[in-house]
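What follows is a pair of complexes built around chain A, which joins chain B in one and chain C in the other.
For the complex of A and B:
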């Protein structure tokens, strides 16, 4: 609860009695070690998430048993999900070769997102746009590399910008759309979709918990208590909803990565 | 697909790639031709070029999506 107290007292600012909704200050963190300006809470959480994913995969897959038990069971459930829902629909027979990457991305993003609802930690790493951008750029570079490798430097751009079966003159108008859509908008939305969902979700959770905390604990009045109860109930409901969104966004991020890789391996139809 | 076999997942793949590509195409069309229209408006002073460009962009993007993913 101490984060909320700090939040409530920080947000109220100069005028003590006015409820002020949380804003962008939710995302500002001072350096954890004085002088090391890049080492903030989100960075620490990102490193922690990496460690969690590595340890999880190590303990699940390092010494596989024929009859899975314990962590291996959970790991194989995750693997099956990523393989059947993310990799195979887009990569077909190449799915197994890309499972390492896709499984890592899925677990990594999911753990990043889950950090947003774990008590005390309560910060979704992806709500700082730098983190999803790094992942999206990695996938983007990989996509172009694979496209050029498998379809040739000219063939890749030709297949991308000139989809077959259109009347010739219209290509002049449509090729720029294809180019912009595939090479600029797609990687941009890939990163922004994850960032915006986590950013908005964090604000929503902070807002409702602050409403509950302010009207029930800080400023208990007969008129305000109903609102406070609504805030508490909404915090619980939104936390559940947010956990669903966190899973969904991790799934989508990995799915789009698989889609981009698949489109680079084989030209569209 | 290059392997020539039809898998049951192929339908899902087409649907998903259409569903996730359409917004990018629409955005790209609007930005490209809306932007061109805006530049033309600035250059000539005729305000109408901006909305014309936007609508042309959306129309072209819809046409592209229709030809690419429509059966």
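For the complex of A and C:
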């Protein structure tokens, strides 16, 4: 199934009571239904997240009232946050036009991430890089399309690589750097930043909870119990911190998307 | 280490290599959210927010209009009140003037009437007096002759007789007066 688990179990065959920190096997799931190889827990959670986002937004925005009630209030808070903190600072008067995309991205990424701290589920969807990649590539394609559409095929690359107002020799250095950073590194970091944060966060939570579980419940020893308590306390603290990071990463992902779109719409930003 | 990495990659376990089926599910999920949330729902909430802004601004505008109207009505009312006060003052002055005039006229008339009545009374009195005098004069003459005739007719024998005649005469006179 998994090399590390196999290795670990192979090793632990000799000494059962050795603490083994969690590794990459955390992110490896077998199919939920035997024979349907694609239907794993991350896939299920991705579909579940989609359902949650759609249902939440539907109940909040499907029949919006002038005087908001119930879920609409919560939904509007999310909308206002994305509009005022993400869309408007980067898109200005174009903000409303792109709110649909940015709102979808923000809610989706946030729910993906939240899956990491929901009891029993406890797996951040974005820690499988395929999901951030889908969003990042979508934004990347959109960014290039908008850039060429609004600045012209030559103008887009010219504005990107040769921003006006710099001494000539600088361009020798700047042009390749800008090209590299905008067209190759940007989509990669866009996806990897979200992925890596969720990936690392999941490992940290798993590690501390395993420390707590191992030293307090499974192998209670006078020496180990202190460590176990630290593990439990850290698990709680890191869960709170993780929730903050999950929100922050969703915000950042949407913000970067807005920034890329804004840069493509207007050359000098 | 190297072998472990290749082993992981071979098993499709490298966290940096996306699973193909997850890409498909990701694209599907994103498309669904984008269509439902981005295409269908976002315009609705945007419209509602715009309507809300309009409603609030409209409400403020309406309130301002109402206030302006109230102010103008108040001004009109004040003007009218002022006008009415002036009108009332004018009417009062007029009435007072008229009253005074009427009073003066009445006084004049009454005075004239009184004068007339007094004059008439004077004339009446004068006439009565004249009549009385005339009557008296005739009476006195007749009486005098009457008396003188009697005195003379009785041939004036004695003083006592004369006195009786005079007394009788006077008594007759008195009787006459009493009868009358």
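Criterion: the second predicted complex is superposed on the first by the 253 of 269 C-alpha atoms of A that agree within 3 Å, B and C clash if a C-alpha of one lies under 4 Å from a C-alpha of the other, contacts with A are read in each partner's own complex, and residues count from 1 in each chain.
Keep in mind that, in the parts below, contacts are C-beta pairs under 8 Å (C-beta built on N, C-alpha and C of every residue); 3 or more make two chains touch, one makes a residue touch a chain.
This structure is a prediction, so every number in the text was calculated from the model and none was measured.
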Practice problem: Considering only touches as defined above, state whether A:133 meets chain B (first), chain C (second), both or neither. | Solution: second
Self-check item: Which of chain B and chain C A:93 touches, first, second, both or neither
Solution: first
Exercise. Could you look at A:18 and tell me whether it touches chain B, chain C, both or neither (first, second, both, neither)?
Key: neither
Exercise. Mind working out whether A:53 is in touch with chain B, chain C, both or neither, as first, second, both or neither?
Key: second
Quiz item: chain A residues in contact: does chain B have more, or chain C?
Solution: C
Exercise. Over in the complex, which chain A residues touch chain B? Could you list them?
Key: 88-90, 92-93, 163, 165-166, 170, 173-174, 176-178, 180-182, 184-186, 189, 255-256, 259, 262-263, 266, 268-269
Self-check item: chain A residues within the chain C interface of the complex
Solution: 2-3, 24, 27-28, 37-38, 42-43, 46-47, 49-50, 53-54, 57-58, 60-66, 75-76, 79, 96, 99-101, 103-104, 107-108, 127-131, 133-135, 138, 195, 199
Practice problem: Over in the complex, which chain C residues touch chain A? Could you list them? | Solution: 4, 7-8, 11, 13, 15-19, 21-30, 32-34, 36-39, 41-49, 51-52, 55
Quiz prompt | Residue numbers on chain B that touch chain A, as the complex places them | solution = 1-3, 7, 9, 12-13, 16-17, 20-21, 23-25, 27-29, 31-32, 57, 60-61, 63-64, 67-68
